[in-house]
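Below: a set of structures, written as C-alpha cells.
Look for subunit A in each of the two complexes below; its partner is subunit B in the first and subunit C in the second.
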Partner chain A sequence: MRIAERLRRLQISAGAAVAVLLYVLMYLVYAANESGVLSQFGITNLLNDTVVLAVAAAGLTLTVLTAEFDLSGIGVIAIANVVVATTSAGPAGWLVSLFGVLAIGAAVGLLNGWLVGVLRMQSLAVTIGTMIACEGVALLILAAPGGQVADSIANGLTGDLLGLPVAALIILGVLLLWFLLAVTRLGIALYAVGTDETAARLSGLAVRRTKLLAFVLAGMAYGLAGYMLSAQTGSGDPRASDGFLLFMYASVAIGGTSLMGGRGGVFGSVIGAGILTVMQKMLFALGAASFYTDVFSGLIMLVAILIGTLPRVMPRLRRSVA
Partner chain B sequence: MKKRGFKRLLQRLIFGAASLGAAAAMALSVPAEAAPYKVFLDLSYSGNVWQTEAANGIKALAETPPYDKEVTFKTVISGTDVQHQISDLQSMIAAGANAILFYPVSGTGLNRVIEQGCRRHVLMVAYDSSVTAPCAYNVNSLGGRYGANSAQWMVNQMGGKGELVINHGVAGTALTNLMDRQALDVFHKYPGIRIVAQFYGNWNDALSQEGISRILAAHPNIDAIWTVDGTWGSFQAVMQHRPSRLVVIAGQSNNGYRLAIGDPALQEKGLKGLSASFGPADGPYAFKVMMEILTGELKPTEHNIAYPLPWVPYDKVKLCTGLSFVNGCNVFPPGKVPPLFIDTALNGELLPELNLTAVENGTPVPGATIQKLPPVQYSDNLPGVNCEECKAPSDWLQPNRVTPIPAPK
Partner chain C sequence: MAPRVTAATTEPSSEGQSTPPIHRRINPELVPGLMVLVCAIVLIAASKLMNPGAGFTQELAAVLGTSIFLVVASFGQGLTILLGGIDLSIGVVIGIAAMMISVLTDGRDATLPWAVPVTLAVGAAIGVVNGVGIALAKVPPFIMTLASGITFYGAGLGFTSGLAQEPVAPALERLMNGHWFGVPIPIFLIIAFVIAATVFQNGTSVGRKLYAIGSSPGAARVLGLPIGGLTVLAYTLSGLCAAIAGLFLAGYSSAATLDMGGPLLLPTIAAVVIGGASVMGGRGIYLGTFAGALFLSALETIITVLSLSQGLRDIIEGAIIVGALLAQGERWNWFRR
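So, the complex of A and B:
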C-alpha cells in the first residue's frame, strides 16, 4: 500500500507500471536471443536509439496531460536538426546551438500556448498549423539533406561519460526534471486542468498560464529531441522527423497517459518510448518478418492501454454485471 | 485470492516469454547449410509498386544458383523513419552481417551507423537513393543525369518554345533538388520555354493528377509537362481534361504510360513521351554488384557505381511477346500487367536472370543461373548527394545523352 502511495505521489500510474513490466520482458527476450545486447556497445546503441523519442514524448506528455493536442513536435525537431547541422560546426559551437534550439522550441511553444491557452483556439488545428509552418521553415534553412553537426555533439552525446552512456544521463535528467515539476504548483495544475478545466478555474488555478507553460516546456523538449537527433545522425535532414509523430503519441499512450488528459505522466512516456525501441530490436532478434513489427506495435499499444484502464473499467463492469 | 490470481498471471507471462525466447533461439540456431555469406536487405517504405518490384527482383536473385547456396538472405522493412532504419542497421551489424543492401531513408542521417558497419567490415551498399558516407557504395542512375537529359529531350521536341509545367518530386530530398537544378538549367537556356506553373507532386500519381487538373483549368494551353515520377497521373489528367490535344512529357516507366506514348493514335494528337527515370532493376543490379564485391570478383576503384539510366522515347517503344525483355523490347501488352507496373524493373542485358514472374512474385526463374556482370561504370560524384568531400564534374548540369538544339542568342 505504502509503495502504491509513493508511486502515486511520483505520478507513476498503473499504466506506467504495466509498461515497465512489458519493457523488462521484451528486454529479456531480446537479450536472450541476440549476442552483445548487454555489452557496452549494445546498451549504448539502444539508449541512443531511445533518447530522441523519449525526450520528444516527454514533452508531448505535458500538453497531453492538459487535455490538448500538440502535433508541432516534429516541426520543431526538424528545425532544431537543420539549425544544429548548419550552425554547430561553425563559430556557434555546441552550446550556442543548444540554447538556440531550446529557444526556438520555446518560441514555437509560446505561440501554440498563446493561441490555445489565451485565445482558446482548438489545439489540434493550431498545432497542425505550426507543424506545417515549422516544416516549411526547416526546408528554407536546409533545402536538402546536408550540413555538418559538430563532432563535440555527434561524438560527445552518443558516447559515454564517466562510464555511463550520455543518452542514459539525459533520460535520467529529463526524469529528474519531471519528478521535480510534478510536485510543484505547475505540475499539480497540469493534472487539474486536464481533469476538469472548469473546476480548475473555479478553484482559482491559472488555466491559461498552465496551458501556456505546458506548451512552452513541450516545445523546449522537442528542441532538445532535435538536438539529440542531430547528434545521432551527425547531419541535417529537413525530413528526418517526418515519420515521428505517431511514435510520439504511441509512446505517450503505451506509457499509460490518458489522451483525454489529467492522468499519466512523463515517466510512463519515457518507458513507452523505450518499449517501441526495444520492441523493434526484439522482433529483429526473434527473426520476425518485418511487417509483424507494425502489427506488434499496434497490438502492444492496445494491450497496454487496456491494462492501464482496467482498474477504472473493472468496477463499472462489475456494477453493470450486478 | 486476487493476489494469487495476479501471481499466476505473472508466472504464465514469464513462462510464456521464456518459452517464446527459447523457441526463437532454437529456430535461429538451426545451422544454415554452409552458406558463407550473411546478407541483409533493408527496405525503407514498402507497399508501393516500385519498392515491391525492386525487393522481389533482389529476392529472386538471392535464390538463383549459385547465390542460393552462398547466401543466407533476410529482408527487413524499416519504414520511413530515420531512427528506425538506424536501429535496424545496427541490429544487422550486430547480427554479424557480411553485407547490407539498403534503401536509404536519408542521404546523410545514416552516415554514423554506416561507418559503424564499415569499421566492423560490413559491406554497405545503398541503392536508388544515395548516401554521403565515404565507405559506403552507391549504386544508382544519378550519372544518367535524368534532369538535364530529359529536359533537353523535351526542349528538342518542343522546338525550343512553348508553355511548360514542372511537376517536382518531394521537397527536401537531394534527388529532387538535383533533378530540378539540372532540368531548370536546361530550360532556362531557352527563352521560348515559359514555365507557367510548378508544383510538388511528391512522386505520387494521385497528387500529380490532381495538380495537373488544377493547372489545366488555369492554363488551358500548356504544351509540356516535366516530371520525375507521378507521370502516369499527370498524363491521366491531360487525357481527362484535354483529350484532343496532348503534350510533350517526360517521366517514369509505368507499362500503361509506355503503351500510351507508343500508341500512334495518341501520337497524332500531339503526345510525345519519354519514359526514363530510375528503375526498380537498380535494386537487383546493386545486389549483383554487392555479391561480386563480396566474393572478390569485382574490385571497384570508386564508390559511386552507375546503373545505366533506362531511356525509352516514344519512337523506341517495342512490345514484348514473352515474359522477358529480349531483342530490345521494353513494354508488355495491355492486360498482361497492370498499367502501373513499372517496366524498368527488368533489364534484358544486365539482369538476364529475371523475368516478369520473378519481379512480380519474388521467385527465381527456373533454370536460370547468375551471369557475371560486364565491367561496371562509375557515376558522377555529386557533393552532398553521393559523397562528402569530392568534386562534381564540371559539366554535371549538362545533358550527356541528348544533343541540344541551338539556343537563340
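So, the complex of A and C:
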C-alpha cells in the first residue's frame, strides 16, 4: 500500500498536512523566543491550554463531516463546567461527575440529532436555539461564577501521569477513538452522508441514524471538553465558554475539514486547535500586542484554507493547461 | 391550524381545479413570514396581559423600536443566505461602526456629515473584502466571514486600544430616542427600510438574479449572470446594513463598545431562517425575515418583562426558537404535498 493511500485511509487530508507544517513552524518560533518551552513543564502547560479546544473541535468535526452545523457546543461546555464545579467536590467525586457530563452531552446531542436528523430541521438555526437553552440551564445550576472543582480533577488532569502529561493522553485517546471510528461503518457513513446525502440514502445507509449518532458523539466530546475546562479553571463559570464557538469552528476549518461536509477529519481539527493555542503563545513570546492574536487567527485561517484547497485546484489547472 | 392540515392532505392535487384552495392562492413564500408575524403579535398581546399597566400600542412601539437593529442587520444576512452563503462578520461590523461613529463624532453633531458616510463606507468595505474572498478566491463563505470578522475585530481592538466607551453625537441619540407625532422615530425608519429592502430583493432584476444564483448556481452561470459581481454586491450590502445597525445601536445606547454587535450575530441568522429561508439558498423573502426579526425582538422584550432568572429566560427563548422552526418545518411539508 502506498503511503498516500495509507494517509487517506487515516483520513488525513491535505489541509491537515498543511496544518501540521504550520504548527511545527509556530512551535519552533515559540520555542526559540521563550525559555523553558521544551521542558516537561512547558510541554504540559501548552497541552493543558490546548486540550479543551482540541476535544471540543474534535466533537464538532463529526457533525461538520455530515454537512450539518452544531453551535450547541458552547452550551454543553457551560453546563458541564457548572455541573463539575457544583458536584465533583461533594459526594459525587470525579468519576460520577465525568459520567454525568458525558451523559448530559449525549442527551443534548440526542435532542439535536433528533431535531436535525429525524425531523430534518435546519441545523444552523436549531442548534442556536439549543445552545441558548443550554446556556440557560447552566445559569440555573450556577447563576454566578463560583463553585469548587475537586482537587482530584483540578490537579490530577493538569499534571503528569507515568511521565506523560494527562492532557496529551486525553488528546491521544480522542485521536485513537477517532481512528477506530473512521474505519467502522459509522465512520464511513459520516463521510458518505456529508458528501451526498441522497446518494448515501439510495445506497442503503441509515442517514438519520448517522446524523443522530454524529450529534450524540459530538455532545459527549463537548461534555468532556467542559470537564477539562473545569480542571483548568478549578471553578465554575456559566459564561466561561462564551467566546469558544468561533474558535471551535476556526480549529475545524484550519484543520482542513470542509464545512460543506464529507472531507477532513478529527486529526486536522486537533492540530487546528493546537495552532490557535501555540499561535497565541508565540505572539506573546514575540512581545506582540494581544489584539494581533485576533488578526493572526483570522489570517492564518484564510492561509490554511487557501493552501488546503490548492491540491484540489491544481489538477484542474493542469488539465486546463493541457 | 388543524382544518388546513386536512385540506392539504385530503386533496391529492389542485392543479386541475379552476379555483385552488385558499392556502394555495397565498404566495407560499409569504406563509412562513405571515405565520411568524401572527406569533409576534400574539407575543406582544401576551405581554400586555402580563403587564396590564402598559397599553398595547405602547408595548408595540417599544418592541418595534428596539427591533430596528435586528431588522436592518438581518436584511444583509438574508441576502448572503439567499446566495447559499452566510455572513459571520456582521456582529464585528456593527461593533466597529458603533465605535467609529462615536470616535469620529466625539459627541459633536458638526462632524456627522462626513463621519456617517465614512463609517458606512468602512462597513461596506469589509463586505467587499468578504465578497471578493468568496467570489474570486473561492473561500467558503462561512470561513471567509468568520476569518475576516476575527481579523477586523483584532484590528478594531488595536485602533481603539481597548477604550470601551465614547460619547455619541447627540443628533444620533435624538434620532433613536425621539418621537414624531407621538410615534418613535425608529418606527418610521423601519417602515422605510422594509419597503426599500422588499423592493430591492423582490422587485428588481438584481434581486431576481440573486434568487437565480442561490437556487441554481450552475444554471445561473450558463445564463451568463455576473455571479462574482452579484456575490460581492450581496456581501457589500450586508456589511453596509451591519454598519447602519451599528450607527443606530450607538445612538440608541448613547455609547459604543467594540463587542456590542456580538449578541446580534446569531439572532440575524435565526431571524432569516425562522422567516422561511433555507440556508441552502434560493428561498425566502425579506418580509419573512422582517417577521422573524420582530418575533425575536418581541420574544426578547417579553422575556425581559417576566421577572424570571436569566437562566429560565434563556431556556424559554431557546425552546421558543426551536418551536418556531419546528412549526416552520411542518408548514413547508404541507405546502410541498
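Convention: the second predicted complex is superposed on the first by the 313 of 322 C-alpha atoms of A that agree within 3 Å, B and C clash if a C-alpha of one lies under 4 Å from a C-alpha of the other, contacts with A are read in each partner's own complex, and residues count from 1 in each chain.
FYI, contacts are C-beta pairs under 8 Å (C-beta built on N, C-alpha and C of every residue); 3 or more make two chains touch, one makes a residue touch a chain.
Treat the numbers as computed from the prediction; the structure is a model and nothing was measured.
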{"item": "Overlay on subunit A: subunit C relative to subunit B, clash or fit", "value": "clash"}
{"item": "First, second, both or neither for A:Cys134, with subunit B first and subunit C second", "value": "second"}
{"item": "First (subunit B), second (subunit C), both or neither touched by A:Leu124", "value": "second"}
{"item": "First (subunit B), second (subunit C), both or neither touched by A:Ala144", "value": "first"}
{"item": "Touching partner for A:Phe284 - first (subunit B), second (subunit C), both, neither", "value": "first"}
{"item": "Subunit B versus subunit C as contact partner of A:Phe244, first or second or both or neither", "value": "first"}
{"item": "Which of subunit B and subunit C A:Asp49 touches, first, second, both or neither", "value": "first"}
{"item": "Subunit A positions touched by subunit B in one structure and by subunit C in the second", "value": "138-139, 143, 238, 290-291, 293"}
{"item": "Of all residues in subunit A, those that touch subunit C in their complex", "value": "71, 115, 119-122, 124-126, 128-141, 143, 238, 246, 249-250, 253, 258-260, 289-299, 301-302, 305-306, 309"}
{"item": "Residue ranges of subunit A touching subunit B (in the complex, touch as defined)", "value": "25, 28-29, 32-36, 41-42, 45, 49, 52-53, 138-139, 143-147, 154, 158, 229, 232-240, 242-244, 247, 277, 280-281, 284-287, 290-291, 293"}
{"item": "Residue numbers on subunit B that touch subunit A, as the complex places them", "value": "13-14, 17-18, 20-22, 24-25, 27-28, 43, 46, 74-77, 79-84, 86-88, 90-91, 94-95, 106-112, 132, 170-174, 176-177, 384"}
{"item": "Of subunit C, residues touching subunit A in the complex", "value": "86, 88, 133, 137-140, 142-144, 146-155, 157-158, 266, 269-270, 273-274, 278-279, 309-322, 325-326, 329"}
